[in-house]
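Consider the two complexes below, in which subunit A is the common component and subunit B and subunit C are the respective partners.
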Partner chain A sequence: MAATKPVGARAPLATTSWGRTGRVSARSTNVIRVCFVLGAAIIWESLSRSGLLFRDVVPSLVAIVASMGKLLVNPAFYANLQVTAWEVAASLAIGGVAGIVVGIVLGSNKFLARAYEPYVYYLAPTPRIIFFPVMIMWFGVGIASKIALGALSCFFTIALSTAAGMRGIDKVLIRVGRTFRATPWQMATKIYLPAMSAPVLNGVRLGFGTAVITALLAETKLSNQGLGFMVMQIYARFDMPTLYGLLAIVFLIAGLGNLLLGKIAGGART
Partner chain B sequence: MARAASPLMTRGLPIAVGAASVIGVFGLLEALLRLGVVNRYIVPLPSDVLLSLERIIVEENVLARMRETAYEVVMSGLFTILVGVPIGAALYRWRPLRRALEDWVAALAAAPLVLAFPLFLVMFGRSSTTVIVMSVITGLAPMILKTTEGFVATRPVLINVGKSLKMTDSQMFWKILFPSALPLIFTGIRLSWTFVLISVVGIEFLINLGGLGQLINDLAERYDLPGTYAAICFVILVSVVFFVALERLETWLQPSR
Partner chain C sequence: MSNVANASTVTTVAAPKPQLVIDKVFKRFGDGPGAVVAVDQVSFDVRPGEFVAVIGPSGCGKSTLFNIIGGLLDDYSGDVLCEGDRVAGPHPAIGMVFQEESTFPWRNVLDNVAFPLELRGVGKAERLERAHHFIDLVGLGGFEKRMPSELSGGMRQRVSIARTLVSQPHILLMDEPFAALDEQTRLLLGDKITQIQQDLKQTTLLITHNLTEAVQLSDRIVVMTYRPGRVKRTVSIDLPRPRTSDVVSSAAFGKYVAEIWADLREEASRGMADAEGRTRGAAPRG
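And now, the complex of A and B:
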């Protein structure tokens, strides 16, 4: 007689590789990361040495690292970095302040939000670089036009994040402020800004990314200084290892800036 | 008892005020320009910009340019889905891989990748291929991240139902996981296609090639002020219509949300 299952016993679940849970150790994560980087490096170097591709398109990693070293001891790199950093900082300061003010106004007044927020919301995902000719006409070909374009880029993201953060503030805090007859300035500095620091900082982090991209792209289009200008100069010389090296350094700097702002935003959240 | 405000007052009035303010700002600008307070060599008359819209549509071959931009956007968008969804699914399936690489993919989304356009010019030449490849790379990160997020958000009870029915890996994917992840995959498509449009128009403008981006560059180089402003307004209009259409499509495809 075949064995029968006891009544009420659970049938074993099918073993499937989907939906598995469980801890992944930090060590295995690091091993995968190292393997990924090494694998990519080996594939790159093999392609470079194979002769299958034009050598200048895929230069040797040794040449790229050497060019990065040369860039890091080149005073021109730091001069251009300083210009770009100044442009991004000024963009973020102007666009950030304007974005926070507009965000607070839109977030605190339903009527104004319904009247004007759709314009901010739908203009936010438009390609900002197309405004560059207008910025050149208004502010000239110097760094002012790059700052204006960067400020315009980060304004929308910061304004929308601030408005959303404003609407998320606990109503009790607002009532407490009103009970104490706080002035609009006191409400903004003592209640609104501290209560919505996390979404505002998150907006600033996203705004930083768009300001960096826009300022760099504007420099590639029309400029005589900055890292974007340096990229175009190197491209014109067809010095591919240095171009790869410079791009790697720029990505690293942008990534570190983003990481730092992310940590600050994370700290505000907790 | 307090009466509820009518929808016309709560919704219609603010919209009318918003539209009236925009028209008012342009009216004021027109007046300031005509009075000579603002320099016409820097800001053209809004009425001239409005009239130039017809001129650029007729004389600058806007429809053909739009077709070119649309082709690049659609191709880039489709490649983004074809590449991004499988990578997102793979990151969900192999958790250690997700733990190791998810942060890097997120960092990719914030990196100024478009700055690498000179590299792609060397690789693919000054052609649509450069625009498409760069735009795919730009739109890939949100597609991957939202796809993974969609799979991760699958309710465990659904996975357990699949397991108790002894579903195979393939059945589990197509009958449980993929349908469950679809809403967030659509969000990923909306985000990545928005990134793609920004990238396509931006690169066209930067390398002076092809569709709507080149139109702005051409007109600016000719110092055709009303034309440049009209072309910028036109591109903004196209972007807004594209964005609204994506939003509507997303809502239509997932009515439960």
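And now, the complex of A and C:
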């Protein structure tokens, strides 16, 4: 008797609360997100105005937004953005093509996979920035060394996800292609490629992330152009509002790039 | 019309030449003491327009036989003759439907069904028109633009069947196409298959372990033994056509099921005993 009563009392409550979250969840997550941003802005601004910290370390949002505006009309910003974008694009192209080719080879050949995949696997999580001095010696302090390092870093991610995608192809689909007597070219373009496109694009998306991180990191270490270089230049001047403004812009660009690749990958999946 | 199928080929004047001949087909996997004979001297044939089912317990080499006839396993001895050609590699006259989920998840129903025509370079307009026809035939009209993920298992299997039929195979070869479906869906899809087979006069060879399905659909049933897979008996099913799933409640249907089950039970129990023995780790070989 004592055991049934609370259960009976709880059940209708549980259903109504489930129903409510189900109905308004999309709107409420947006509300929570906006509240989070607003809350962070309010805390930041009050910290900045409280005088508890150095004004330069936590500059007012007004100053940051103003400096963002100035950056967006500054030709030097666009010149540096172009350099970094080019580095990331070239890294992704080189590392991507190499990664997809190696991934297909590892994914289709059991013997080679057993022999070489451990190397790819264990090298993948090592921090590539330690190879930066080597790359500088090989390719100089300019763009080439950043591209080489970026390509190296996204290669592993893309190779591993391509190999996994290749192995993940449903074998029965390959048999279907064989029974309809598809030519090798038709097998590649109409079965292997579409079946693999989702994991490969997902790998490219992760590779994009590593390429951006590596390019910017390398630019902050040793360079004479690029957004990473610009960050260090601004830091050297101790121009905090501009520094925060630039960081915010870099975040936005990287986020948008990721979103775009995610959309493409999502489109391929369905 | 006798139980001994081959006899009728000789006596009936109008009996057409068999379209598919399986002649002393033998397949062994592995060598030495660990070798397993999957298919042992299997012989039977399928005449034009006929629906033949091969039935046997799990482990009787049905799937091996399916792969051999479909040309996916060309290292076998004996002969599989499709319209006189020895099958080695997928034969253009044979269309296969697999047991597994085999629709392309990135193509909608229409493009899935049009796939074989696309491979042959058939023009887009004609391709889509023919695909539409076979989609209607399997009862999926109106679902052309749906993705496989939006369909039920039974609907997806019908997409696979339409995809094979659109290539207009002379012989339709199916490996337990309804194995993953529930009993009601299976009976209803059986009706669909019967109707399609009658409309197209489609020569069909069905591999199955389901007794009711075999009796419901077939003109003839080839019963196989448990390992090594041999032909135990061939039974002609003289149930009236056109047939529907209502036939399962008739007395004649029950008689056939009982008769074939008597044969099948022995084989299935051997298979079960063997499997249990292997699980205990004390299975006598052979």
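Operating definition for what follows: the second predicted complex is superposed on the first by the 226 of 270 C-alpha atoms of A that agree within 3 Å, B and C clash if a C-alpha of one lies under 4 Å from a C-alpha of the other, contacts with A are read in each partner's own complex, and residues count from 1 in each chain.
FYI, a contact is a pair of C-beta atoms (placed from the backbone, for glycine too) under 8 Å apart; a residue touches a chain by one contact, two chains touch by 3 or more.
Bear in mind the structure is a predicted one, so any value in this text is a computation, not a measurement.
Trainee: With both complexes overlaid on chain A, does A:190 touch subunit B (first), subunit C (second), both or neither?
Mentor: second
Trainee: Comparing subunit B against subunit C, which has contacts with more of the residues in subunit A?
Mentor: Per-residue touch count on subunit A favours B.
Trainee: Just checking: does A:60 make contact with subunit B only, subunit C only, both, or neither of them? Give me first, second, both or neither.
Mentor: A:60 contacts neither subunit B nor subunit C.
Trainee: Applying the touch criterion given at the start, work out whether A:233 contacts subunit B, subunit C, both or neither, answering first, second, both or neither.
Mentor: Neither: A:233 stays clear of subunit B and subunit C.
Trainee: Just checking: does A:173 make contact with subunit B only, subunit C only, both, or neither of them? Give me first, second, both or neither.
Mentor: In the superposed model, A:173 contacts subunit C only, not subunit B.
Trainee: Using the touch definition from the top, say if A:182 reaches subunit B (first), subunit C (second), both or neither.
Mentor: second
Trainee: In the complex, go through subunit C and note every residue touching subunit A.
Mentor: Answer in residue numbers: 70-72, 90, 92, 94-96, 98, 100-102, 104, 106-107, 115-116, 118-119, 147, 149, 167.
Trainee: State the interface residues of subunit B toward subunit A in the complex, per the touch definition above.
Mentor: Within the complex, subunit B contacts subunit A at residues 10-11, 13-15, 17-18, 21-22, 42-43, 93, 95-97, 99-101, 107, 110-119, 121-123, 154, 156, 159-160, 162-169, 172-173, 177, 194, 197-199, 201-202, 205-206, 213, 216-217, 220, 225, 228-229, 232, 235-236, 239-240, 243-244.
Trainee: Quick one: in the complex, what on subunit A touches subunit C?
Mentor: 170, 172-173, 175-176, 178-183, 186, 190-191, 194-195, 197, 268, 270
Trainee: Considering the complex alone, what residue numbers of subunit A touch subunit B?
Mentor: Within the complex, subunit A touches subunit B at residues 11, 13-14, 16-22, 24, 28-30, 32-33, 36, 56-57, 111-116, 118-119, 122-123, 125-134, 136-138, 209, 212-213, 216-217, 220-221, 228, 231-232, 235, 238, 240, 243-244, 247, 250-251, 254-255, 258-259.
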